[in-house]
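What follows is a single structure, and I will ask about it in a moment.
Note that the chains take the letters A, B and C in the order they are written out, and that residue 1 is the start of every chain.
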Amino acid sequence: MSGRPDPPVIRLEGVVKRFGELRVLDGLDLEVARSERVALIGPSGSGKSTILRVLMALETIDAGRVEIDGVDLWPARRNGGPWADEAHLRRCRAKVGMVFQHFNLFPHMSVLRNVTEAPVQVLGLSRREADERARELLDRVGLADKVDAHPAQLSGGQKQRVAIARALAMEPEVMLFDEVTSALDPELVGEVLAVLRRLARESRMTMLIVTHQMHFARDIADRVVFLDGGRVVEQGPPEEIFSRPRHERTRAFLQRLLEAE
Amino acid sequence: MTFDWRFAWEILPELLRALVVTLQATGLGMALALALGLVWAVLRRSRRRLVALPATGLVEFVRSTPLLVQIYFLFYVAPSLGLSASPLVSGVFALGLHYSAYTAEVYRAGIEGVPKGQWEAAIALNLGRWRTWRAIVLPQAIPPVIPALGNYLVAMFKDTPMLAAITVLELLQTAKLIGAETFRYLEPLTLVGAIFLAVSLLAVRLVRRLETLSERPA
Amino acid sequence: MELPAPADLLPPLLGGVWVTVRLTVGGAALAAVAALAGGLGRVADNAAVRAAATAYVEVFRGTSALVQLFWFYFALPLLGVELGAMTAGILVLGLNTGSYGAEVVRGAIRAVPRGQYEAAAALSFSRRQTMWRVVLPQAALAMVPPLGNLLIELLKNTALVSMITLHDLTFRAQLLRSETLRTVEIFGLVLVLYFLLAQALALGTRGLERRLALGRDYGGLR
């Protein structure tokens, strides 16, 4: 169809992130194409969550380049390191939505207000428009009857579904999911994964998912990326990674996971 | 009119002498508050409601009413109670009584922080109430709350100027007298403020040092 | 109408109660503003703002309220600024209590979990929006009990203005005592009046707490 390939919506090139002495990201390279569904897997401490936090500019980087939709996240230099002013970061963040492991819902607002607050305050929607959008999203995640409840009255699974609706309400280009089921009781995991599956099915949203749920990753991902020691060890389609991993470390990791089940 | 540094330097010795009086009042007042507060704290835990309720009521009442009024009250009724008519004595009693209401709360927190098992072990060993308090409960209850008590010491220090109302020759009263004699209030009052600031900053630093000491495992 | 003792002492004292109430309300309003400004200033990004806020808090917390009152009423005129006794009273009570309040505000802001800041950032809230729409509403609930205590401290401190001859309840008590020498009755009554005022403030504080907590679990701060 079109001659020129679409540029990647996310690009990390040679990214280094240090926490004290520790190199959590050690020269990381990663690209995500538009509408692609990528699962990030790896042992704890491998830097998976850090990648998402870097993309959201919740963490600065020490070296390398981060591009969102072709725009350099840290275009300037200060004190010898990458830097950007607040206004620029906010513009870049507007394209990315994030769902956190611990939900981070606003406890002093109702469910409906949690979802409408940012569209009203940041995007400038009228309350009525934001309400309409919010109700539609909450209905899609199965919580139409909870719009007036407060987060404290919800179960973990319900809270996470509200968090997903809240992020989607900003109409981002990319959605980041940071171990969104890890803090849930086992019986609540399914309802959240169902929402993610539905999102993948019914939209063309680019999704970057950090997860331990291997079956889910296999189902939903176009590409699985295995990380260890702050670098990409191997990546490819799920069938390849899960059934015929090429690297020893990938094999060892998957083996440990299987034994744990 | 600007600040006259030479005059300030002249009156400094007199103010420092007044500081001694201030510190005396604080020290004596705190000693009384520490002792009396412990009495209230123990009484409030009595199982006899006739003892516990009035103690609680008194503590609440003293805490919720102004120290200045309590100072006036004690100063005027002291002679009829048989206390010395010296303003310093009634002042110290007022400070001690008022702050005993605060230290009682601090002690209460400390006592409630002692695990119930300690009480039970003491009962099992038949130690008797007095010895249980002295040897088991208080030695564990008090050290953690020493920083809080230290903070109240600093607070009391800052309340001593109220004794000027009953003519105790502490810092504020001395500054007032200098001002009345020389018609220059700026220097004495500013110096008094600076002295308070210096002493309380120092004291707060010491209390914080106490905090870190008490956090180290016993 | 002849009231029985000690109630006959009430009429002359009640005028003083009104002055005390005015001082409390005025001082509390100023203290609220000062506490908010001071607390926010202490956590600001700008180093100069932080330094100014810290200086304010340390100076007003570190010196005695009564000394501040005297300084503002007697020393400030000598630098060119004349203040009436009521103005000086409200100013000092507000700034003094506000400095303690600033620490309460600062502590409550810092107690809000970091995840809330991250969620706000992920939704592209600006720093100001994050503070005013996400952080402060949550900090507010945790602030109310300690600020309620400070309000009662402020009420007690209003008695200090009697020493700069403002006709508050304590001043009237002194006046009445020198006229009638009924010391125990007068001061007993006055203490009870202050106690009742303090209880009213405590009730108001608890009511405010309940209203703010509707539907919430203290935002994870308890």
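What we mean here is this: a contact is a pair of C-beta atoms (placed from the backbone, for glycine too) under 8 Å apart; a residue touches a chain by one contact, two chains touch by 3 or more.
The structure displayed is predicted, hence computed values, not measured ones.
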Suppose chain centres are the mean of their C-alpha atoms. Which chain sits farthest from chain A? B
Per CA centroids, the chain at the heart of the structure shown is C
How big is the gap, in whole Å, between where the Cα atoms of chain B centre and where those of chain C centre? 21
Centre-of-Cα separation between chain C and chain A, whole angstrom: 46
Could you put a whole-Å number on the gap between the CA centroids of chain A and chain B? 56
Which residues of chain B touch chain C in their complex? 1-2, 61, 64-70, 72-73, 76-77, 158-162, 164-165, 171-172, 175-176, 179, 184-186, 189-190, 192-193, 196-197, 200-201, 204
Contact residues on chain C for chain A in the complex? 113, 115-116, 118-119, 121-127, 129, 133-134, 137-138, 141, 215-220
Seen from chain C, its contact residues with chain B in the complex are 58-59, 61-68, 70-71, 74-75, 78-79, 152, 155-160, 162-163, 170, 173-174, 177, 183-184, 187, 190-191, 194-195, 198-199
In their shared complex, chain C is touched by residues of chain A numbered 56-58, 86, 90, 93-94, 96-98, 100, 102, 104-108, 110, 117-118, 121-122, 150, 152-153, 163, 166-167, 170
